[in-house]
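Working notes, structure below.
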Amino acid sequence: MGLVPDLLAAGARVVDLSADFRLHDAAVFQEWYQPHSAPSLLSEAVYGLPELYAAEIRTARLVANPGCYPTSIILGLAPFLNAGLLSEARPLAIADSASGVSGAGRGAALGSSFCEVHDSFKAYKVIGHRHTPEIEQELSRLHGQAFPLAFTPHLAPMNRGILSTIYVESRREISWEELHSLYSDFYKDKPFMRVRPLGFEPQTSDVRGSNFCDLSLFWDRRASLVKIVSVIDNLCRGASGQAVANFNLMCGCGETDGLPSAAVRP
Amino acid sequence: MGLVPDLLAAGARVVDLSADFRLHDAAVFQEWYQPHSAPSLLSEAVYGLPELYAAEIRTARLVANPGCYPTSIILGLAPFLNAGLLSEARPLAIADSASGVSGAGRGAALGSSFCEVHDSFKAYKVIGHRHTPEIEQELSRLHGQAFPLAFTPHLAPMNRGILSTIYVESRREISWEELHSLYSDFYKDKPFMRVRPLGFEPQTSDVRGSNFCDLSLFWDRRASLVKIVSVIDNLCRGASGQAVANFNLMCGCGETDGLPSAAVRP
Amino acid sequence: MGLVPDLLAAGARVVDLSADFRLHDAAVFQEWYQPHSAPSLLSEAVYGLPELYAAEIRTARLVANPGCYPTSIILGLAPFLNAGLLSEARPLAIADSASGVSGAGRGAALGSSFCEVHDSFKAYKVIGHRHTPEIEQELSRLHGQAFPLAFTPHLAPMNRGILSTIYVESRREISWEELHSLYSDFYKDKPFMRVRPLGFEPQTSDVRGSNFCDLSLFWDRRASLVKIVSVIDNLCRGASGQAVANFNLMCGCGETDGLPSAAVRP
Amino acid sequence: MGLVPDLLAAGARVVDLSADFRLHDAAVFQEWYQPHSAPSLLSEAVYGLPELYAAEIRTARLVANPGCYPTSIILGLAPFLNAGLLSEARPLAIADSASGVSGAGRGAALGSSFCEVHDSFKAYKVIGHRHTPEIEQELSRLHGQAFPLAFTPHLAPMNRGILSTIYVESRREISWEELHSLYSDFYKDKPFMRVRPLGFEPQTSDVRGSNFCDLSLFWDRRASLVKIVSVIDNLCRGASGQAVANFNLMCGCGETDGLPSAAVRP
């Protein structure tokens, strides 16, 4: 937010990889991060999820590239919420996510050193991870009114990938077939979305090095819950790959230009 | 169940590591597994969780050693349910678990071969894992009436360890301090239970090679949910270590006899 | 060797990924593998290392795609041997190699199951790995007369990659600068060879998903030895990628056609 | 070396885990490390390998605990050198070692961060690792005169363990049986040494969490070389476990006191 006003003034268009322009409300930003130094741009910034905001991104001056956890969770819930299916009695989403270590960024930190992480699985920031308000903002917009998210991030001993298992209560019973149709229609013609067949067991290596988001749908009859498993590569779809997709929309390039080439390190 | 009747008839006392005597209801067993060949023993068998059934185990002829996922989830919820805290409006528990690969047993299977698992995180049997009825049976007993569990197992790229993140709605708001007292009292004098302090970030390496079950408690104010993170070593507390603990009770040995020595392979 | 004669008779040209046509001598093949059913083709088959045999590959009917260990070791020693530098007093090469688990092929085997391999490093087939005669054949040809190789393969807990550390005694003292020039000249204009700068610490992730072979050179003054570290991705340069490079030569395509795209799974 | 003189003056006996007192020659120490501030103690310090120096350790005031790589290599070559078997024509040892990441110590360093190390195998300090003079000193003493070592350390993507593959030329042909007898006799009654049977494929998980050093012997007929594979846990036998063994000797305790309990983290 220190640089963006000058870049825009100089006529540039910006895809911002930081969290600075993802929240529309300066007060919420300040609660989770710090005071905002360019609050007047918050209403202009477009949340850079191409599947939800392609039209706005095409003409945007400022695109806020989403976080990695939010990308997996919002894409996983968008068709369900957009169809008005969320329970009225208990409007709540639970997202239980596991991320590879590259999600923490590259750097020398004890918490991401090999022997601390290897052969172990950890829950961290169990309450209050900073991605929470960003996810709630977008889920609430899709639902039409505010509702809470319970989000638990975990660290898995792998280089990259995010798998989010999402639990929501449906307003009415819904068959797997209906869920599958709903999702397939919503993401029709979206080249980076794959709605998986019945019984598919999703894993992060399915999307390694790619911009894909894989979604698997489940109806848990015993618990009367919809479960959605969403898988992305946090380094591609969850960061730079999504920035390239946004750039492509902003510049009128092909939607997948530059994105089939895999990034294989780490 | 093919061997146990003869062993008992011969005067032996049995700790059974299989799932054959964990369910009290032969019909439920048949629904999830196969027809039961010794149903008359089901009412006699004691579910081998020492923290819940020590008195019964001491005198039991037949102890059904619990599964690894059930151990982590039941121990995680027992104090909460025992205190009558589960929501009446929405009696439901969600358990999202990650297990190391040894949970699948030792053997040559493509699904547990190195290159299939390494550097990836996977959801499997998202609906209908066989441990579900065993967990529901014990949770419902603790709560005083039947209620459902939504359980999702995941495979993590590590040798061993299980971490379960559990979500329940409380009948009333409850502070972290009250939760911590409740759990500390319930597991007072239990040598293998550790209730962790506020803000502790639990991980499976904390319990590697040991019989400990570590519990971390969280109150998610935004979502009005209690979160409990439970961590065990599936090879020790989740299998043979627990069998030794049951043997100790049955034979009048010290509770921790033989258990401090770590099993370090794999 | 069961299929190739018919394929050739039908007019096809073949890149064979098996070991059947790598050895020129049917007796040596039989010693290490089994009787050869098409020995008349052994003298015709070209050993498919593009950096050494490009002219022959272009016109070959039958190309024997090299093994993964041989690729790393032969490319590592070719410039040194070709320059006639191997010691007369002690003509010997020692190659100590570590491979990822995919080198064993995909399949359900206890020896490549996750818990057997993970977090461990193993020496296997310490004497008599089947790649030995293939490497000796090519090294001896480069040197101009037969000499032995001591080869030790190791299994490293990673998906893929081979790193070979090679020890040879030089006929005369040789500076790092001279070694570096020799190698750079030998591999000039070879798009998949990278001779690394002084002090570079080579690792398999440098070549992951690519057809590169990276070479790092060292003069060990204390021991009067030349050390060469050679790194490839066994799944690309050590197998299918090299087959594509051979195909490109045979069909007059560009040398790197189809090869920049990374293969990222596993 | 800053503390030890005062500790000795105060009457304490010291097992020093640093490298300060491992080299007998202050000039060599300075060449590889820095000027020595207590050179008068160098001749008194005993090199703390219990299998070689038990008598001296028992009465020593100052024991220099060996490095992890040196422990694996010196124990691997001691019986061979002690028997006078090293070639006169080419007195040389080559040691190619792979270590887990804990060998670098605990700390926040980019080079030991998870994503730099995971799923990769690396050669480092290919020439001039600081453990070289310490190993040469002990090997030369065993051989009876100075000879060089070519040593190449590698970093393997695992928490702990060292496997060293050692190559030496024998003065005469030697059968595996003779080698095995020689080693078994030399290490008879040494509780932490295991000479493995013919064909055994050694790996670091065999010794995880223990003070064992496993040795496997090979005669490479084709190359006329003896190969020795030596395996230790760098955190136990290669560091603190060996310090405890030295302490036991110094204090007249049982040789294995305190050492069967495994250290399982990381």
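Labels A, B, C and D are assigned to the chains in the order they are written; within every chain, residues are numbered from 1.
By definition in this document, a residue touches a chain if its C-beta (ideal position, glycine included) is under 8 Å from a C-beta of that chain, and two chains touch if they have at least 3 such contacts.
These numbers come from a predicted model, not from an experiment.
J.: Among the chains, which is located farthest from chain D on the basis of C-alpha centroids?
T.: Measuring from the centre of chain D, the most distant chain centre belongs to A.
J.: Could you quickly compare B-C and C-D and let me know which has more C-beta contacts?
T.: Of B-C and C-D, it is C-D that has more C-beta pairs in contact.
J.: Suppose each chain is reduced to the average of its Cα coordinates; what separation in Å results between chain B and chain C?
T.: Inter-chain centre distance comes to 50 Å.
J.: At what distance in angstrom does the C-alpha mean of chain D lie from that of chain C?
T.: Inter-chain centre distance comes to 32 Å.
J.: Which residues of chain A are in contact with two or more other chains?
T.: 118-120, 157-159, 205, 208, 266
J.: What's the contact topology between the chains, one of line, ring, star, complete, other?
T.: Basically all the chains touch each other, so complete.
J.: Can you list the residues on chain B that touch chain C in the complex?
T.: 101-102, 106-110, 112-120, 157-160, 266
J.: Using the touch rule from the top, collect the residues of chain C that touch chain D in their complex.
T.: Per the stated touch rule, the residues are 89-90, 92, 94, 96, 98, 100, 118-127, 132, 148-150, 152, 154-159, 161, 163, 165, 167, 201-205, 208, 216, 218-225, 227, 229.
J.: Mind pulling up the chain A residues that touch chain C in the complex?
T.: Where chain A meets chain C, its residues are 118-119, 205, 208-210, 260-262, 264-266.
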